[in-house]
Amino acid sequence: MNPELRFTDVVAEASRPQKRKDDIRNFEYSYRAEITSIYPLTDKETLYRIQIVDPEERRRFSFVPGQFIMLEMPGIDEAPFSISSSPSIRGEVELCIRSVGNLTDFLPRVRRGTHVGIRGPFGTGFPMQQMHGQNVLLIAGGLGLVPLRSPIAYVLENRSHFRDVNIVYGTKSPAQLLFTYQYEMWRKDDINMDIIVEKADPSWKGPVGLITDPLKDILSGRDAEFYYNTYAIVCGPPVMFKFVCNMLNEFHIPMQKMFVSLERRMHCGMGKCCRCNVGSTYTCLTGPVFDYWTVMNLKEAI
Amino acid sequence: MAESRTRTYLGVPMYRPRVAFFEFSSCEGCQLQILNNESTLLDFLSLVEVVNFREAMTEQSEDYEIAFVEGSITRDDEIKRLKRIRKNAKTLVAMGSCACFGGVNQLKNRFRNPAGVKREVYGAHPVDSGPVRAVEDVVGVDLRIYGCPVSKDEVEKMVLHIAIGKSIVVPKYPVCMECKRNENICLFEFGEPCLGPVTRAGCDSWCPSNRAGCWGCRGPAEDVNLRQMIRIMEEHGFSEETITDRLECFGGFLSLMKPERGKGG
Amino acid sequence: MIFRVFEKEELRQLFDILSDHNRVVGPVEAGRDRNGRPVYAFSDVREFNDIRLNHTVTKLPAKRYFLPFKEDLATFTIEKDNWHKSIAYNIERPFVLFGLHPCDINALNKLDKVLLHSVYPMPYYAAKRKNMFIIGLDCVPQPYCFCRSMGADTALHGFDMFITDLGSRYFVEILTDTAYNFLRHIRTEEPGEEDHILYMKVVAERNEKFTAHVDTTDLAKILDMEFQSDVWKYWGDRCLACGTCANVCPTCYCYGVEETVEINLKGARKTKMLYSCNVIDFAEVAGGHNFRPERHTRLKYRYYHKHRGFVEAFEESLCVGCGRCGESCLADITVPEVIASVRGSGGNE
Amino acid sequence: MKKTCTVNIRPLTRVEGHGNIRIKIKNGKLQEAEWSVVETPRFFEAILRGKKWDNAPWITGRICGICSIGHTLASIRAVENAFGIVPDEQTRKLRLLLKHMETLQSHTLHLCFLVMPDFMNTGSVFPLIKSHGDVVLRAAKIKKLANDVCDCIGGRRLHPTRTVVGGFTMLPEKRQLHEFSERLKEITEDLMILSDLIREFTLPDFERETEFVSLKGENDYPFIGGDLVSSDGVHMKEQDYKKMTNEYIVKGSTSKWCRLSRGSFAVGALARLNNNFDFLNPAAREVAASFDLKPVNHNPFMNNIAQLVECVHVVKESVSLIDELLDSEFGEPRQEVRPRKGVGIAAVEVPRGILYHCYRFDDKGNITKCDCVIPTGQNHANIQHDLEALAEEYAAKGKDDRELELLAAMLVRAYDPCISCSVH
């Protein structure tokens, strides 16, 4: 009798590692999740609340602000989206999605109650705990408010741990402002919020200009101590954070305390498909949140 | 049909468009490819309502949303017909190389003397025929299905995507990608010319997989390096004539070739 | 490691034993090229005589048995408005890879680093890797081989057994008990002193045959410094952006994912396709922005990933020096030339 | 009784290409009956001028989408004849098998998808999917098999890729041939069930004596190359095709017309069958007998039945061809091609009748002159004469517009015209 090779079932024979990231079973595993609410924010952006169906899984699912998930609509597409809700709510995420392509055009047409698959959370987050006791600058341009909403929620829930908190938000036009209904609530919690648009419309009464304008006002005339003890989170299109970070730099906010979130094409979220590489760094593993010093050292980052 | 109105994909209502097929100067092979789809024809037909398909049905209607147009345009009456179709259709799809680039038919444009071309075939007898044009040279085109003939999978995919509301994408990269995916050995190894490196993929490298070099029926891929392609062909010992034969065969590369070889030359 | 020697005809016997109950894949002649030289490819083999033990390099690497060019990651059944996802790792039974050269074994070892031993191990790869019985085979360096420069000319692990031709007999290194047990079915001997001498001689002779070299000293750093070099434009002008180099590369593993719905709407699938960073839309995002719109930026990225990024992450480069990409590149862009030009550069080539 | 009627069909549907029918009857007298071809010309013969020989099969295959395999094979044969290449046994068999499968797929398409609706009072096959699902599925099954074989041997069901001068770029695997053989045996039953159904249709009872032209069988029912023959007793060599076709130009038509011994002649399945009945295999002859189809039959509507008979014939023949191929060792797929100066002519029986390609080459193998004579082009005059006779007959009887319109359409459709092909 000549010998036959034995089949190895890699999954069955794998040991259960401590970390989710090391478990071979997790590669393609997606949580079944239900779209529990769909709320149009503008004509292009919609807010989805998505809840994991299985109660046990729901309990286990947690994330930190800045992380993203992969959302899958079977047969349509799977794509990365930043989590835009509070990290203290387990097993549930809010995503604010702009319609720009295949999946994102399809999603606004689905009904409440539809099931989707989600994988993750993936990537690095903003180091919120490190920021305790410090001033925080939260700066968003356009869709950048979406990933910023999660650290904002954290700050609100832990307001006493932070000193000065400033939100600076700019968009092209007033019609593009997201989450308008929440500004008042944020401001109530002793948070200063500046909003500026590049082009006003008849209804707009606020300031018009670039996001760096209110930022300059906030930063000017403070003492060195303030700058040194300030953390900044910058989310938005690459051109914007280039200017913003330059300004922060001029005011000597430490580069290691400035955080940005990079966006690249992604197909896996797990450091395998290589589509998100900047230079040769995986945005999905080492990022999407990077401190500014690291970004400066990445080729082709901005 | 009531049933069609309630059809959904993952809860999203589907759209069952009224489609029409039209042909101009061509071999009608692209239409035939659709009928050739025996195993999925019924599923295909359930996604659309065919209201015009001269090759297969007698009924005709002017009320349609999507017009699939096959063939190149050579005569004034064709231009008139095409313009009417454009007016009626919400979406006009240029189907096949003839519609997209003029196809093999545009080869006659390479003669500087159109009267001589006519004489060659019809003698002194007068025939009405102008230079061969692609559909988009006459009216606006919304979507293109490349290929001579079109691949039935692509047509089906397009219709399916329209029905469920998924975007329609064609590969931007060249045929070589698919050729390698199909684990072929490159035809240049065997001393055969091939336009795979500059031709838009999507045919699943049909010809190279059958050991025949690509003739570029799907037209250029995006950001192609034609100069380098020509140099490679020359280095492999292929005559200028062979290179030109391939590049001009279906008309897709004309705009990238030397100006004196351009359309209507 | 355990070593053995055996008479040449025993190899046929070993093949027959292996192929009796197992699928065997090995290098075969797939045709003759335009110069009459054989073209090799990995393929299923039923007869020992079909295997080309003296093959130079296969056009495509054995990568596709581990990372298929196209593979379903998941399939869905769709019922009404609901769906069910099923996952399969796409290998049913183990098989034998008969005759892998050291560079190709090293390529698998490199892939292991990112696909098995890094975060998020990939079960699709693992299932295949763990179910492949690999018989390594020594080789004769070809003019385009620079594996020695890349430190990939000998394989220390990643196979089950490795065979070296000593002229009259075969010398075999045994790495796994499976291999050991198989070898019990043929006649082998403990190698003697003269076998060891012969082995050394064979290896030394082989090492002299390398003609292509790549200077890798400080390469990661030099690449970093030459990021803006015009040399890249020179190569970018030649590149066809056809993706062939990545597809024939035994270590390139980038991919894209595409979902499709079946025309009867009863199913859907999520398919992974190996991609290439040289093709136009590799880094393009929705809305049309492309992070690497020019050919030279993409070509450069391929070199950065292989010779810098991977080095940073795993202390070694993602290239084994098999020379396939250069041989297959219709534009004659070869690694030794590109790297030499970058090292020597400051301006144009 | 209606004495005046007009029929104006533009364009005729369920045929390949654009053609119009116009009939005018006034006071029981036929005033006008016209079959006109308005398809736009594409000038293939001019296009090829100056092109290298290897362009010919690739480009001329695009003359017609339905019989692209036939055109490709005719083109290849013409080039091979010019260069003195004789295909080996293996190539000949594979080409014939490919040819058979094109015939099977084309005839099935015509019979079941284009003609059948006329007999079932619908405008297309689409409603039949619901009402006669079984028939449609069987037809689709036959067509699929034929197309699958074409994909495998020719490389593609339409505009084949493996067929080249000198042979094939690539050969099928024997495993595939084996599978096809099994499937071919299976569909014989489907064909029989289709025949039973078709036997229930009443074909119009109309006859007009004419001449039938086809290849002349030597030992077999002919398909690729050989002598030319007519039912009026003309017998010629392949090279003399011009004398067999005598093309001429008619006003108002973009297709040329042909004639031989009489004012017109017919080509196609009925012509082949009328001239070569004895070479049909027994199963096919049996089907012919069940329809009372014997040579020489002068009812043009019987062309439909002749197609059905040919389907049975090619299926049976293909099974034996595959057996022979399976029993032999495959050799090299293609021979070397050495171009030389000369003229090459080929006659091939494609589904719609006899097709001729003729090229003249210079010493570099470039085409200096090209001529293609298409079956439908040869049929146009005959269609016209049939149409006149049919209208005449009905003018006397005095039928209504609708009925005459349908009948006229059915008549032209029976020829399975390939109009864009005839205006190449």
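Should a chain be cited, it is by its letter among A, B, C and D, assigned in written order, with residues numbered from 1 in that chain.
One rule holds in what follows: contacts are C-beta pairs under 8 Å (C-beta built on N, C-alpha and C of every residue); 3 or more make two chains touch, one makes a residue touch a chain.
Keep in mind it's a predicted model, so treat the numbers as computed, not measured.
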Pair sharing more residue contacts (C-beta pairs) when B-D is set against A-B: B-D
Distance from the mean Cα position of chain D to that of chain A, given in whole angstrom: 65
Approximate Å spacing (C-alpha centroids) for the pair chain C, chain D: 52
Centre-to-centre distance between chain D and chain B (centres being mean Cα positions), rounded to whole Å: 26
Whole-Å gap between the CA centroids of chain A and chain B: 43
Junction residues of chain D, two or more chains touched: none
Junction residues of chain B, two or more chains touched: 9-11, 164, 166
Interface hub residues of chain A, defined as touching at least two other chains: 73-76, 101-102, 114
Which pairs of chains touch, using the document's own definition: A-B, A-C, B-C, B-D
Residue ranges of chain A touching chain B (in the complex, touch as defined): 73-76, 101-102, 105-106, 109-111, 113-114
Chain B residues within the chain C interface of the complex: 8-11, 40, 43-44, 47, 156-157, 160, 164, 166, 172-174, 176-177, 180-183, 185-186, 188-191, 196-198, 221-225, 228-229, 232
For the chain B and chain D complex, residues of the former touching the latter: 23-33, 35-36, 38-39, 41-42, 45, 50, 53-60, 74-75, 78, 103-105, 107-108, 111, 116-118, 120-123, 125, 127, 129, 132, 148-149, 206-207, 210-212, 215, 241-242, 245, 249
In the complex with chain C, residue positions of chain A that touch it: 2-11, 21-22, 24-30, 72-78, 100-102, 104, 114-115, 117, 263-265, 267-268, 270-275, 277-281, 285, 299-300
List of chain B residues in touch with chain A within their complex: 9-13, 164-167, 169
